[in-house]
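What follows is a pair of complexes built around subunit A, which joins subunit B in one and subunit C in the other.
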Partner chain A sequence: MRAKARRWEFTMIKNSNTKLKDGIAGGLIYLSATITVAILIVIIGFVLYKGLPGINLKFLTRMWDDVTTVVDVNRNNVTGNNTEAGYVESLGISIALEDEAVVIKSIDNDSPVKDAVNVKKVPYALKKGDVIGKAGSTNFKNITLEEAKLALNEGTGPIKMKVTRPGGGIVPMLVSTIYIIGLTLIIAAPIGICAAIYLNEYAKPGKTLNIIRFAIQNLAGIPSIIYGLFGMLVFVQGFKMSYSILAGSFTLSIMLLPTIISTTEETLKEVPRTYRESSMGLGATKLQTISKIIIPSALPGILVAIILSIGRIVGESAALIWTAGTIAQIPKTLVGSEAAAATLTTKMYWLIKETADLEQASSIAVVLIVLVIALNILSKFITRRFLKKRTS
Partner chain B sequence: MNNANKEKIVAKRQKDYKEKVFHFIFLVSALVSVLSVIAIIVFVFSKGLKPFFGEGAYSFFDFITGLKWDPGNDVYGIFYMIVGSVLATLGAIVLGVPIGLLTAVFIAEIAPKKIVAIIRPAIELLAGIPSVIYGAFGLGVIVQLIKKVSPTGQGESLLAVICVLAIMILPTIITLSESSLRAVPKSYREASYGLGASKIQTIFKTVVPAAKSGILSATVLGIGRAIGETMAVMMIAGNNIGGLPNSIWSKIRPLTSNISMEMSYASGRHQDMLFATGVVLFIFILVINTVLIRLTGKMGDEGSKK
Partner chain C sequence: MKDETKFSVKDLNLFYGNFQALKNINMELYKGQITAFIGPSGCGKSTFLKTINRMNDLVEGVKITGNITMDGVDIYKDMDAITLRTRVGMVFQQPNPFPMSIYDNVAYGPRIHGVRKKSVLDEIVEKSLKQAAIWEEVKDKLKKSALAVSGGQQQRICIARTLAIEPEVILMDEPTSALDPISTLKIEDLATELKKDYTIIIVTHNMQQAGRISDKTAFFLTGEVIEYGDTEQIFNNPRDKKTEDYITGRFG
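Now for the complex of A and B:
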């Protein structure tokens, strides 16, 4: 009787011990999951808190640097019927003073400033928001609105104007990012997809296959800074491309091959065997089967591979800084000094490192996070539709 | 009749020809990866090993054991950077793997579907955030917090690097651990429940041990990520010019940030030495890759046995 009671007591203690242990372990599990989510919230919160105030239409639509140009405008004395205080009849524009600078506020449809040409006689149409620094021989520094109007209306015929288009926007980086995404995909996507086709459809188990797989796995593990060093050594210096979007794209192409190959291979594997067998059974050749049956049914997966790659390109910095440079300009050529271009991410890095401007860097970060979220949603959307199709 | 036959043969030959050409194209595309790996190794190693050979060569022993980096005086020692990189990586693993693994357990074993539908996209987003943003976050939040409690009064430290790297490897650890936890057969769990084990006991005594190799390869992948991370680390490490770290509050200069700090203006031997730093980093990565490939290969074998 006593022994029984003791045993019961013992089981009780053991039970409560187990319960305590379970409780602690369970608590730790919940704590960890909470930490993970909290980290994401804090990061995004920090970026939004620092970066959101800097985001406005100007930030999204302007060039990075201020651009000052001297233009010639033919005044044709349009007789505007605008009676605003800052309206300049001879040019058909409205001006206003902002921070002691003369800014163009609106432009009439038939205004001659739309046909303005720069010193090289290349058309340079003035836009809303441009700052007039000088007109004719009058300097617009510390000028009143009336004086500015007078100077702009003075005389007839052509007038020379110094115009500054204010910067502070991310347009060059957006355009460069898109260029680099396009170029990289043109190079890497065909190679990656063809390689995946070889691995899944042609390769027989053996030495060649092992070597190729080993190489791809290694390529996936190399950190992006090594790619940066390699790209600088080979493309920038070796092939004399200098810092350029092409050098950057070649470097990124190699870096992205493992992503594209393995994602594409996964989807190729999912194409049912029966598809291949029925196609072959109908007398199609292997190539016909691949191009008419396998690739079309693997297309959504290939698309996901491409979206994943875009995400990596958008976020890449170390591999691009020493191959594409950090100059904020819209590249005009593929190689050479006019081809250097900073993407959003490399410019953000540059801002933190060179100017310690965390606010402006965070504004770029907000744009980046929005892009990343959009890409994630897009790839999810494709995967979901694709899966639905398969199961139904 | 004869003509038609001939045409058929010609058409077939053309077909064969096309097949062969495309087979060749596919093969060449697959070989691009092999060529790239070889090219990367050859170019980076040949430039990185140059300063240790020929006339006026720098002693490789001094390079690998040196405690000071002073390009201005032709002193290049990276031992303290290796120590910094290894310590930062170890710290990130010690901090990140338990949190990541437990989060994976939560997602795979405990959480109801609705919560998984929220957490999973959050982790995917965490994985997609560019490393520069992690650097900015580290600089703006973690470094500021450490500054308040650190005895040295400085925020840039080994601890800051460990925190940011631990956050950065979380998505890798979580996704890979989760899929290996999910791959554990249901019968294991049922057997454990049948023996009277509780849910938590089942998870830690049965499911996690069964997913061991997957979790291990997630950890190794995390090590590779952490040691190769550049941009985020560079902004928060402090990047001292010499001396071993003696506490978590001391500044460090990881191998990667040594390269990225000075690459933009280095030339001559200085630049070669940065490539040499890259070679040391590369050797670490090659070892980690080999371990990883072995591990995943083993996993594949186990899978086929089942």
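Now for the complex of A and C:
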């Protein structure tokens, strides 16, 4: 009787000790999780706080730099029946004063400013938001609305205007990012996928294969700034590409190859061996088996590898700063002076380094975060959808 | 039924690296009959089956000596593996249709050998599925995924897939071991039907199955053929004691 009671007491003490330990452990775990989530919220919150105010339609749709052009506009004498204060009949536009600048507020459908040409006779249609700096011989600095209207309506026939299109937008960076993504994938995807196919389907196990795998694994771990250095030495200077999207894309391709190869290989490994056996058993060649059975089966995984790569390209900064430069322009060529192009990330770097405009940098950061989240959602969606298809 | 030789196997030895999996196999395999290979796990019967359509070529480190001839032609030296495999088809143990529609599965073989016309493919698909005794069950869902049907049906689709390339020989590697008894019987009936037009060699660890459907049986043990002859004789009057022990279940 007594022994039994003692055993029962033992269990009670043991339980309360264990409970305490469990409680502390649980508490620590919850605390760690809370801290992690809190940090994430603080980071995103801070960036949003600084950057959200700067995000508006102008930010998302304009070029970066202000662009000033001299244009010729053929005025017509059609009188509109618009009696607004700022309406200029001969041009079919409405103007207004904003911050002491004369801004085009609206443009009629048949307005001749849509057919404006610059000094090289290239069409340069004026747009809403453009600032008129000079019309004819009248400088529009510190001018009143009435005086501006008079100057614009003065005389007949063509009028020469100096027009400034305000910048402050991220369009060049968005376009450049898309160019770089495209170029990089065109270079890296075929090479990476073929390499993965070789490694998984053709290569004989042995020392050579181990060395190749080791090399790929290590390539994946090299810091991206080293790729930037390499790209600068080899592509920008060595091949004389100067800061260009091609130099950037080549560099990123090299950087992404290990990831593409590894992810594709993982996908290829998941294709059941029995598919290969059945295909060969029917008299197919290895190439037919690969192209008709294995690659189609592996396609979802390859797609995910590509989307992951896109995510990394969007987020890459160090490798691009030293190969594609930080000039915000839409590149017109692949190499040379007109090929330098800043991406969202490299422009952020430039902003922090060269100006003190942390608000603008934060605005770009917000756009970047949204893009990255969108890409993650997309890749999850694709994975889930193809997983369903496979088993249905 | 006169025994007409389809395959002639002479002094066949097979090594996986240093391990000898097949020892001095000598036998004739006959046309238009069902030959069963029986024996305990690891005795080499599947390995031997795979030498007949050169599937062992796909395995690293395999070495083969001796020769196998089909209709008098050496299948290793005088024939290429691709052609051989269009004449000798194989059905595997696990039903493994490709992740495509039933139609595309059966049409896969003809397509990779160059058949493009839809009308011809339609005909081949229908004929093969009928031969595999599964046409009625799937004719209305040819475009559905082959993975969406039961295991027994999948296996018959795999048989149809093999029949579509119009082989002369069908090798079956334990084709019913993953199936339920009813599907098993259906496939056994199928094999018995098919032997009218094809030579069938079936590996099975199910002795009763061998007894039910085969004309000739070969008993394998640790890589050697212990005994080979008419099924009736093997099961009712085995000459070798080891054969008798296996048949009566003393080991297995």
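One rule holds for everything that comes next: the second predicted complex is superposed on the first by the 371 of 392 C-alpha atoms of A that agree within 3 Å, B and C clash if a C-alpha of one lies under 4 Å from a C-alpha of the other, contacts with A are read in each partner's own complex, and residues count from 1 in each chain.
What we mean here is this: a residue touches a chain if its C-beta (ideal position, glycine included) is under 8 Å from a C-beta of that chain, and two chains touch if they have at least 3 such contacts.
Note that the coordinates shown come from a computational prediction; the quantities given were computed from them, not determined experimentally.
Look at A:Tyr198: by the touch rule set out above, it reaches subunit B but stays clear of subunit C. With both structures placed on the common chain, the touch criterion links A:Phe230 to subunit B but leaves subunit C unconnected.
In the superposed model, A:Val103 lies in contact with neither subunit B nor subunit C. For subunit A, the partner with contacts to more residues, out of subunit B and subunit C, is B. Of the two partner chains, subunit B and subunit C are each touched by A:Thr285. Once chain A of one complex is fitted onto chain A of the other, the partner contacts of A:Glu277 are limited to subunit C, with no touch recorded for subunit B. Once chain A of one complex is fitted onto chain A of the other, the partner contacts of A:Ile143 are absent, as it touches neither subunit B nor subunit C. Within the superposed three-chain model, A:Val163 lies out of touch with both subunit B and subunit C [touch as defined at top]. In the superposed model, A:Ala25 lies in contact with subunit B only, and not with subunit C.
Touch criterion met: A:Ile293 reaches subunit C, while subunit B stays clear of it.
In the superposition on chain A, the residues of subunit A contacting both subunit B and subunit C are 285. Every residue of subunit A that touches subunit C in the complex is listed here, in rising order: 204-205, 272, 274-285, 288, 292-293, 297, 390-392. Subunit C contributes residues 53, 55, 58, 60, 82-86, 89-90, 92, 94, 96, 98-99, 108-109, 112-113, 145, 147-148, 158, 161-162, 165 to its touches with subunit A in the complex.
The part of subunit A that touches subunit B in the complex is made up of residues 18, 21-22, 25-26, 28-33, 35-37, 39-40, 42-43, 46-47, 50, 190-195, 197-199, 201-203, 211-212, 214-219, 221-230, 232-234, 254, 257-258, 261, 285-287, 311, 314-318, 321-322, 345, 348-349, 352-353, 358, 361-362, 365, 368-369, 372-373, 375-376, 380. Residues of subunit B that touch subunit A in their complex: 15, 18-19, 22-23, 25-34, 36-37, 39-40, 43-44, 47, 98-103, 105-107, 110-111, 119, 121-126, 128-137, 139-141, 167, 170, 174, 198-201, 203-204, 221, 224, 227-231, 234-235, 256, 259-260, 263-264, 274-275, 278, 281-282, 285-286, 288-289, 292-293, 296.
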